[in-house]
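Naming follows writing order (A, B, C and D), and every chain is counted from residue 1.
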Amino acid sequence: MRESLILETTTGGGNVVELRIPSKAEWVGVARLAVAGIASRLQFSIEDIEDLKLAVAEACTNCIQHATGGESVSITCQIYPDKIKVTVEDSGSATASDLAPKRLGEPTVGGLGVFLIRSLMDDVEYELNPESGTKLTMTKFLRT
Amino acid sequence: MDIKVNVRESNGQRPCSVVDLNGEIDVYTSPKVKETITGLIDSGHYALVINLENVRYIDSTGLGVLIGGLKRVREHSGAVNLVCTNPQIKKIFDITGLVKIFGIYDTEAQACENL
Amino acid sequence: MRESLILETTTGGGNVVELRIPSKAEWVGVARLAVAGIASRLQFSIEDIEDLKLAVAEACTNCIQHATGGESVSITCQIYPDKIKVTVEDSGSATASDLAPKRLGEPTVGGLGVFLIRSLMDDVEYELNPESGTKLTMTKFLRT
Amino acid sequence: MDIKVNVRESNGQRPCSVVDLNGEIDVYTSPKVKETITGLIDSGHYALVINLENVRYIDSTGLGVLIGGLKRVREHSGAVNLVCTNPQIKKIFDITGLVKIFGIYDTEAQACENL
């Protein structure tokens, strides 16, 4: 992953920041803080930083609440000159149907997390693997 | 990363219960908010103003708690109004369409009056 | 490491938060933010949180400035009921003499980092390995 | 995690140059601080007050920049005084013994007067 990054970026080589938290609600705030720090280093606007924080936190929350058997959640931030690509991975099991893009109908108590992630990020991709867990890759571009 | 919760009665023209929230509402802190709102409803308070003025962050778990509260008071013909001025949080209510189901006001006085 | 942790802790099992940053000055602030978040979750006092931030940042700074050839810095926080143990590791080379406990003599432009780490943390241990880099393990106890 | 640096002349009883720092001084931001202080000294300013009132964090790199500045102005019989009220930062100056080599004051007026 690091090699392809270096090939893709042009200025200064690839930068990767990795964070792994236990799969427990109390640690999502730490992921949020770290992502906010990374994004502000990259000169994202305050609004974009808040978007990133929320999207990453929703992704972590889902790993913690839905990935059966996952012990930790990995957050990987790949930094490019024009964008940040964040991968959130668990090692639990998932079903594909819930993760598809949706339009919101009647408001329900749940079901807003994936919708928010898709709304706040520029590009969102889920990879489901029954053995290795759910991997969400989401990208946000720096607006100039 | 924490939340402070405080409940008080507002004795204006329209009496209501005000829930003051201060901090961040996420998957870790929202159970505390839910407990407070459920407690209020269980004890017969169906006119609620939830003051988000000092809330810096809310996630879908927090939104879920607010929606859950609204559903429960509606069963008793009650209502929930919100006080919210933070543009980022207003944006979340916009994106999710929740602006259409919650009354969202800039001041507590307005939120109480319009219950 | 995780197994010994579970044996050592009594309440709720072991918690580990891991962070890896590129070996560049601009990322030390992110490590600081993350450690501050972890420490505040653990109910450390504001003063102790500041101590931890500074000690971890000094350790990261040293990895970045002195570990020849290291590409990234790993920060591992092991959380116990009564303490936090932070490991900061690089993959560069080091010499042992510089890391020994010192008393401060005449103030010099450098040389304060290791002194501060030893002053601010309750327990500090360096492991030097010419092949695998420098590993600093430091512990701070929760004061009750 | 950033630093803002501003330089101005103080025209009190004892004229001096005041460097206002706002933010965090660490391995990433201290080169900017060093550049400013070096620039001042190179242009003949040897009476310096460095105002740390709005500095929330300083690491050993930042301390090194201050020590370096002090050494250089002393070559010209100059002096550096600091303004600092943050207890955590004062503690760092204490632990490192730097309280003994810097004049540290609660207000800019005091720091200028005692240069």
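The rule we apply is simple: a contact is a pair of C-beta atoms (placed from the backbone, for glycine too) under 8 Å apart; a residue touches a chain by one contact, two chains touch by 3 or more.
Source: prediction; values computed, not measured.
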item	value
Chain pair showing more contacts of the two, A-B and B-C	A-B
Euclidean distance of C-alpha centroids - chain B vs chain D, Å	47
Mean-CA-position distance for chain D and chain C (Å)	28
Chain B and chain C: spacing of chain centres that average the CA atoms, whole Å	41
Residues of chain C engaged with two or more neighbouring chains	26, 29-30, 33, 37, 41
Residues of chain D engaged with two or more neighbouring chains	1
Graph class of chain-chain contacts, one of line, ring, star, complete, other	other
Every chain pair in contact, whichever chains are involved	A-B, A-C, A-D, B-C, C-D
Partner chain A, residues of chain C touching it in the complex	15-22, 24, 26-27, 29-30, 33-34, 36-38, 41, 72
Touching residues (chain side chain D, partner chain C) in the complex	1, 24, 26-28, 57, 59-61, 63-64, 67-68, 71, 87-88, 91-92, 95-98, 101
Touching residues (chain side chain A, partner chain D) in the complex	37, 40-41
Of chain B, residues touching chain C in the complex	1
Residues of chain C that touch chain D when the two form their complex	25-26, 28-30, 32-33, 47, 50, 53-54, 57-58, 61, 64-65, 104, 107-110, 112-113, 115-116, 119-120
